[in-house]
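Below is one structure. I have some questions about it.
Chain naming follows the written order as A, B, C and D, and within any one chain the residues start at number 1.
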Amino acid sequence: MTKTVLLKRLQEEMDRPPFNRWLAPDVISVDEPGQRVDLSLAFRQDFSHHPHEPYFHGGIVAAFADAAGHAAVAVFYSKQAPTITLQVDFLAPALGRKLSATGILRKLGRSISRADVELECDGKLVALARATFSTKD
Amino acid sequence: MTKTVLLKRLQEEMDRPPFNRWLAPDVISVDEPGQRVDLSLAFRQDFSHHPHEPYFHGGIVAAFADAAGHAAVAVFYSKQAPTITLQVDFLAPALGRKLSATGILRKLGRSISRADVELECDGKLVALARATFSTKD
Amino acid sequence: MTKTVLLKRLQEEMDRPPFNRWLAPDVISVDEPGQRVDLSLAFRQDFSHHPHEPYFHGGIVAAFADAAGHAAVAVFYSKQAPTITLQVDFLAPALGRKLSATGILRKLGRSISRADVELECDGKLVALARATFSTKD
Amino acid sequence: MTKTVLLKRLQEEMDRPPFNRWLAPDVISVDEPGQRVDLSLAFRQDFSHHPHEPYFHGGIVAAFADAAGHAAVAVFYSKQAPTITLQVDFLAPALGRKLSATGILRKLGRSISRADVELECDGKLVALARATFSTKD
């Protein structure tokens, strides 16, 4: 698959669940040999922790981390991969107008797969996440 | 504080972040001696994992779990308590029109507090969550 | 199976791995309908965090939590159930001469099972753990 | 501090708790600018999951992961840093005679610090861990 086709396919899969259509993350790039996917999320007022500052709420950070982990798995596994466990470690307030997530596939197993996610807000590391997905045939 | 006043205060705090206003969870009851809070979330199409079935997306389950953990801490700690770590274990698909969360305070510490959250969808246990919050003075 | 037989079987399974023989936890009781198992671990100098005080090291607390989670699964599942994920939240220093663990089965699934573990030292809650096990046929 | 002095200091700190003396991990190298520490653990029968094969038990993997996370923090923080949360994701059986751990400092905060740990057995990735430590002044 070419990179463009892969990107398009990932974006389409991402956009299938109505919740993801509401969240509206963008698939920015796919590094197939490096097993990495980059996603981006533009700030909207509904995402905010704070009434007047651009400050991504922890719930949005967690949901976006889950999406990025899924995307890293989806490059190599074309079926549904339900999340089994999602762990999010918050390092700093996600202040800014752009949240970026890098999903990194750590293991694609016959029944269980793992992905790491690193989240930056306006270039600053704000959270680390790790997720386990069911990838049994 | 009477139960009614406490419920009202919790609901007001919950509704402060714009994201929570979008999510719109309801504080159902507060059991102060038992250190438990019950919240409820009515299904909306934006929450869905599936285009045609009422199926709460994992990202919504995670965000709601975080809110319920916060609520359990907020009964006993009146300042902001940023989430440090959020762990969500998904047990079953959250199929149904009503997601209920029970937040249980496990420790209120001088710098770190913990809460457990149990999530049911239409009466079935669908997820367990545990969160660590910063409660330093 | 009678309680005595079940206790004996659990203790035998527990004692199979050489590491567990070194650790030497005792199966105290099994509550089959409540899906709970109680284990106990007597302090030894090799377990200690501190040279002169009885203070169970975090590594011992984690290893004992894993054993208690396994025991809760083993009552209902007779095959090997490798740990997929172990999460330990430390609440207080484990000071004392006796560490008790209650393993609680939360879900016995066709491929994934979950157990919660509560750990007390001399009667004080010192840690909470949650583990995911592989229980596929 | 020179690398040799730093290595020696870390090894001494590591060897202080009686449990670590029993476990006996070796500090192999310290990469101060990269905020990484490499540790090694030689197989012993007491560590084993299996009576006849060299197979590091999950409890040993978890305890060693905690030690490696601590070491990564200890390079930059000279006081005690109690573990708050330890999460271990097991990827493959730890079969072999040498378990290696790389501890990577992800954040040194004023009250909370984080480290990632990657564990390999005879060159194969067998587990990923992440830990939160208390580093308040």
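Note that in this section a residue touches a chain if its C-beta (ideal position, glycine included) is under 8 Å from a C-beta of that chain, and two chains touch if they have at least 3 such contacts.
Quick caveat, the model's predicted, so the values are computed rather than measured.
Just to note, of C-D and A-D, the chains joined by more C-beta pairs in contact are C-D. Centre-to-centre separation of subunit C and subunit D, using mean CA positions: 22 Å.
Centre-to-centre separation between subunit A and subunit D, using Cα means, comes to 28 Å. Each of the following residues of subunit B touches two or more other chains: 84-85, 87, 89, 132.
Taken chain by chain, the contacts link every pair, so each chain touches all the others.
Looking at the complex, you find that subunit A touches subunit D at residues 87, 89, 91-92, 106-107, 109, 114, 116, 125, 128, 130, 132.
Listed in rising order, the residues of subunit B touching subunit A in the complex are 16-20, 22-23, 45-51, 57-60, 62-64, 66-67, 82-90, 93.
On subunit B, the positions that touch subunit D within their shared complex are 84-85, 87, 111-112, 132, 134, 136.
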